[in-house]
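The following pair of complexes shares a single chain, subunit A, combined with subunit B in the former and subunit C in the latter.
And then the complex of A and B:
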């Protein structure tokens, strides 16, 4: 192939021109093979700059383009677009980062110039080996599967249905509502919550484009962003299963409580009148707080942080709902004595401190305690603990409420496996990025909302539901084709030894094994081009397009020669 | 990481030898075939011309009379034979494979890469006194056989390959059953079970696992400790010899690029070696450029790079079987160099190639907390 490479060095205003001797860079690369033109320009990313580049490409009939300028994170796409418009395949372009990687890391002009020369030469060495890559487009299905009918699933369904999306909402229990339907009130405003959740469920039932499957479970998820095949089966009837297609999947499978049985010190399951938070919510909702013998309790201990050490994280909401419990108790039994045993109080947010202060008061005590143990003493329960000052101490109470850590539901691991996403700390779904991608996952088109991603409050859950809605509405647009990654990996059938190592390291579930040929195969639509398989392949059978061995080798060679 | 069962958990039986140990092993295998415990046996046999030994898959049990469980040479590494038989699936045939410990370890290593399927196979190893250099054998086969027989009796390794002389895993049990000849009286040998499959096999053969194998274990430990000392010393000497790039270049300068070492290596699993591929062939301009840079370049090119590439690739799975050195027409101590590098790289991951199928390949395992010594080196 007769290559005609054009090299353009951006001055980036004074950013680059003052810190690098650009003429020296031009001199160093001018006479390399295949180079037909080397020029400098004041600001290539400007409208004028883009026009200038387009004219230059046409004038010299360039086949390849090198730009020495800023980080690819800034303007790679800008210049790829210029290439496309001027008739060069955008992958026959390479950006040398002489700003962030040269001028911004040293004040020494000579050193910066030296490195800029190396990086520009490296880009030229690399671009010579580039192959044109073609964009692919695929039809996508705008419908959405939502797994879990708690507050997160309900809210996401409603939001998306509002934008005329068809929603399939799968709930494993017999009714929607999740854990919240057991709550009489929510903190901090102490408004009745059963009404609002009931209203939402009624709206959902009335919305035509939400198809609800209760008593049902997702049996299989196959495919990729824009084209997932879903199989849902009824729990009540094994044979009753339906299949449908969606473009995106939302996991809103919520959480469950840590079983206090796993630690013997609380006597849960052994002594009467030791309840979990959820059992207490249910009792409270039924209208009457009573002991096993139907008497009204005179004193109650609320134990915070149950299972925190075992799980290794703070569940964020337990302190707040424990305060709510104190309010429930005071409302129903005004002269009751309430003890809160905590290890650390977690009351963040703009309204919660006030709620805490208002809850403190007559006969509501907060005790910072360690080594809590509960024993039975006649009709009472004795709580023995170590406090901060006086050492070992104890109290007798009638009832104990345990506030256990939240943990992911049993389905979490199974659903993660279907979609090739990973589980993070505590076994919750792992987000794509803790800060920058909190509701997306490593699998494109699979989103997470609510407590399935980690313990959180109702407002935070709704925020995530809304975030997921935004993500889906902006990425999965009806009628708009989706463009899968072009720089994907490729497995050579004749080199593959069939050891399946690549299957283990692919985070996206993009590789399958062909049992007939005994070779691994990449699904180019799912592959995100991370390169894990390329590095792990013991027999060198995998190539990542645009990061081929030769491209990297030539780039390195030119950089260090 | 799943560690192999401690040797104290191993159970064994003491069996008597009527004529020779080889005969006893043959009879055991025959009994297995008679009772349908095995459908076939994979075992070495002397070739008709007499000047070599080869693995054969025996279906006709009368042919077991010619089988030799412990041949003096390793013409083909057993794991390669197992791979040939089972790479495309294990089938339904129950096969007993009788091999040396390093051959079994290479087989176990290949299971981790799906290159062998041993689900229906019973892997039987035998205490190994070492292997004679193939060239020594071919020169005078009859004499070599006598020498080997005597050396096996006296456990004298002086006639064995250098890499066998420093082998500290010559009694390591990685398969299902092991035949122990160390620490026994003349008329007895041990059979030791190392897996459920091994235990079941012996049960079917009516061999109760109630023998005392203490004397074997003591002798094995003594032998391994002695070899370990020798191994360390040899590696230390070798390191001074090849420890710098110049020395390394000198060592491999005799290499004629035949790539025999790669071809006979049981764990060299690539379909096509990178160094045999077009990726290392360049237009003449590139060679001229290299020549200009260094003044001259040697042809065939990339000789040392080939060995270093193979080392990077193989050292974590190298079982120090010595096949490469046997196959080297220039007598480069490849196996000794590989055994040294392998000990160091495997040591980094607390890994021993082929020790147990429960130990995953280090490069397939992600651990947050490892290799800090490498990180620190770059701080």
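And then the complex of A and C:
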């Protein structure tokens, strides 16, 4: 290829021109191969500057462009746009940062000039090896698969369902509603819960475009953002499976309770009248709180933090729902005595402390306790514990309610494997970014909502369902094509030795193994161009476009020569 | 709300992390966004932090790329130094009046070289740095602020106070200083409004028992964040007022919790982060951390707490804390877990004050016609329906304007409000 490279040095007003001898830079690169023009200009990013560049590109018939100016963070896009408008492929351009990396780090003009020359030469060395890259566009399917029919799945389905988008909602049990259909009320307002979830289920049943599969499980997920192939099978009939395509997948598989059987100290499963939180919610919803012998309990102990030590995290909602239980008990059995055994009260947020203060009081006691053990004593249950003053103490009660930690459901690991996403702390789905990407994952188009991402309250679960809705509605728009990453990696068939190292290091599930040819293959639509596979490949078979070995080598060579 | 006459443009108030997230998402779905920010910069309070818990990622490195994306986004009209003055109409058709103060520096011409600061003769306390360093009358709040364009503080600029000073204009090579700029009254028609006005912290002077404002080296959380920040007043050196390195420090949780009546949800975690900051910079420092109940909810936070505990830091469950100056040291008297009186002496104290609504929240609520709750935060209609929906259709609340929360929850709410808007119309 006959290259015609133009080099333009921005004075950036006095910023660069006063601190670098620009003429020396021009002198140093003027006679390098392929350079047809080297010029200085007062401010290239200005409107006049952009016009000037466009004219220069046309006048000299430039094929490649070098700008020596500021940080790519400021104006890389500006100049790539100039290239595009002037008819040069924007990837045949390179920016040398001679402001932030030269003049703004030293007052020594000579040093700054020397480094500016090196950086400009490096950019020239690199751009010579650039290849044009083209943006790709892909048709996408706007339909969405939602796994899990609890509150997160229901909310996401209702918000996403629209005439031009079909929703497939897969629930492994026989009915929708998840855990919360067992709750009579929600804290802190004590609003009716099981009734409102029933109403939502009715709405979902009536909504066109939501196809519900109960007693069903996802058997396979193949493909990528915009084009997933899904296989769902009925639990009741092995052979009964359906396939369909969607553009995005939402995991709303919720959580389950830590099994208190795993700790012997609470006597769960051994003694009558020791219940888990969920068992108590169900009993309360049925209308009557009674002991095994059908008598009404006179005293109840609620034990917080069951399984917290084993799991290694605080499940966030247990303190609050334990307070709610105290309210249930007081409402139904006004003269009952309730003891809350807790370690640290975790009641974050603007409304919760008030709820606590209003719950506290007559016959509802809070005891900060350690080393709790429960034993049977005649009709009663004896709770032995160490109080704050480290004194041993005990109480006799009729009933014990355990508040166990939340843990991910059994499907979590299986679904993560289907889609190549990883599991994070506590075995919950790992979000794409702890702060900025709470509902997206490392696999584009695969989203997580609710307790499958980590323990959370009902309002926070609904927020995540709405957040997923926002993410999908703003990225998967019916009729709009999606643009995959341009700078992706590719694997040379002849160099690949089939060791599969790259499969392990790819966080996006973009690489598959072709068993017939015994080579790894990159799916360019999934690849995000992180370069992990390039670094890991022992046979040098993988290249990342725009960061090829030769491009980096020539850049470095020119910089240090 | 499927009126064909609806305006699809969105107004976002507040360019902190929640406002930025909402704006970028809306832009991706081809909505025009007007983003109104009352300060001269984007990034809100998140850019005051050096690192964020619990992954200890560099905060600026996390936010800068999305700030940059925001500035380059053609669908987003960022209005800095601007405040909403009036809102009329209803969901789908709001008419909004915005007052935009003149920056007196041309955003197009200025290249952010900062040459104008040096010649300015006025020296003032830098509010962004919690008064720990000085700024000029023409200034950016901190290095790396985006947009990287200074503003002129007309209250203190000599020229705006009857003196004949052109010092900044004379050095500017880009003709960016424009004393003739005027405040602007902008009227927009938009379809929906997202409120993302963030928070501030409880004024620690209201709890005199902690000695803040009276005793040197008693710092608030924001002050300490800036003291630790590599782009802050000491470039990240933790120093006492006398210039020495502290040998011991105390962290006090729950400052103002009793007065406000709620747990601010993030203070335990950020105090543990401060603990980490201290041992990172001063490995031999002795730290006592005073708390009431440890509130570290969620799958990742306890792990962080356990790591801190391994460093040998003293974690003390305490009540009735009183801080006084005695000689060179700061004495902390407290009742321990067993109710026994105890005390310890340290060089430095860092307070963790409650998260409170921004001062102008109630004024804005009145303009928008939405309710404020008993704590002064914007009130959601019903958190079991959606905590971002207000009693006024078309007005959504996100982030700490709705209540204390961490960055992840703020970002989730921002995305949720976008979900609400895009699924409605």
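Operating definition for what follows: the second predicted complex is superposed on the first by the 465 of 561 C-alpha atoms of A that agree within 3 Å, B and C clash if a C-alpha of one lies under 4 Å from a C-alpha of the other, contacts with A are read in each partner's own complex, and residues count from 1 in each chain.
The rule we apply is simple: a contact is a pair of C-beta atoms (placed from the backbone, for glycine too) under 8 Å apart; a residue touches a chain by one contact, two chains touch by 3 or more.
It should be emphasised that the depicted structure is a prediction, and the values quoted were computed from it without experimental measurement.
Steric overlap between subunit B and subunit C is absent once the structures are superposed on subunit A; the two fit side by side. After overlaying the two complexes on the shared chain, residue contacts for A:497 are found with subunit B alone; subunit C is out of touch.
Touch criterion met: A:160 reaches subunit C, while subunit B stays clear of it.
Contact with neither subunit B nor subunit C is seen for A:206 once the two complexes are overlaid on the shared chain. Legend: residue contacts after superposition of the two complexes on their common chain; A:362 is shown touching neither subunit B nor subunit C. By the document's definition of touching, of the two partners only subunit C reaches A:475; subunit B does not. An angle of 120 degrees, to the nearest 10, separates subunit B from subunit C at the C-alpha centre of subunit A in the overlay.
Of the two partners subunit B and subunit C, more residues of subunit A are touched by C.
Contacts of A:518 after superposition on the shared chain: subunit B is touched, whereas subunit C is not.
Contacts of A:536 after superposition: subunit B is touched, whereas subunit C is not reached. With both structures placed on the common chain, the touch criterion links A:350 to subunit C but leaves subunit B unconnected.
The overlay of the two complexes leaves subunit B and subunit C separated by a minimum Cα distance of 13 Å.
Residues of subunit A that lie in the contact sets of both subunit B and subunit C are absent, per the superposition on chain A. Residues of subunit A that touch subunit C in their complex: 12-15, 43, 45, 70, 73, 77, 159-160, 162, 186, 189, 191, 193, 196, 308, 312-316, 344-354, 357, 388-390, 424-426, 428, 434-439, 454-456, 458-460, 462-471, 473-475, 477.
Contacts from subunit A toward subunit B in the complex involve residues 494-501, 504-505, 518, 536, 538-541, 549-550. Across the interface of their complex, subunit A is touched by residues 17, 21, 25-26, 28-30, 52, 54-55, 57, 62, 64, 66, 68, 72, 111, 113, 115, 173-174, 257, 261-265, 293-303, 306, 337-339, 373, 375, 377, 382-388, 403-405, 407-409, 411-423 of subunit C.
On the side of subunit B, the complex with subunit A involves touching residues 88, 112-115, 269-272, 274, 279, 313, 361, 363-364.
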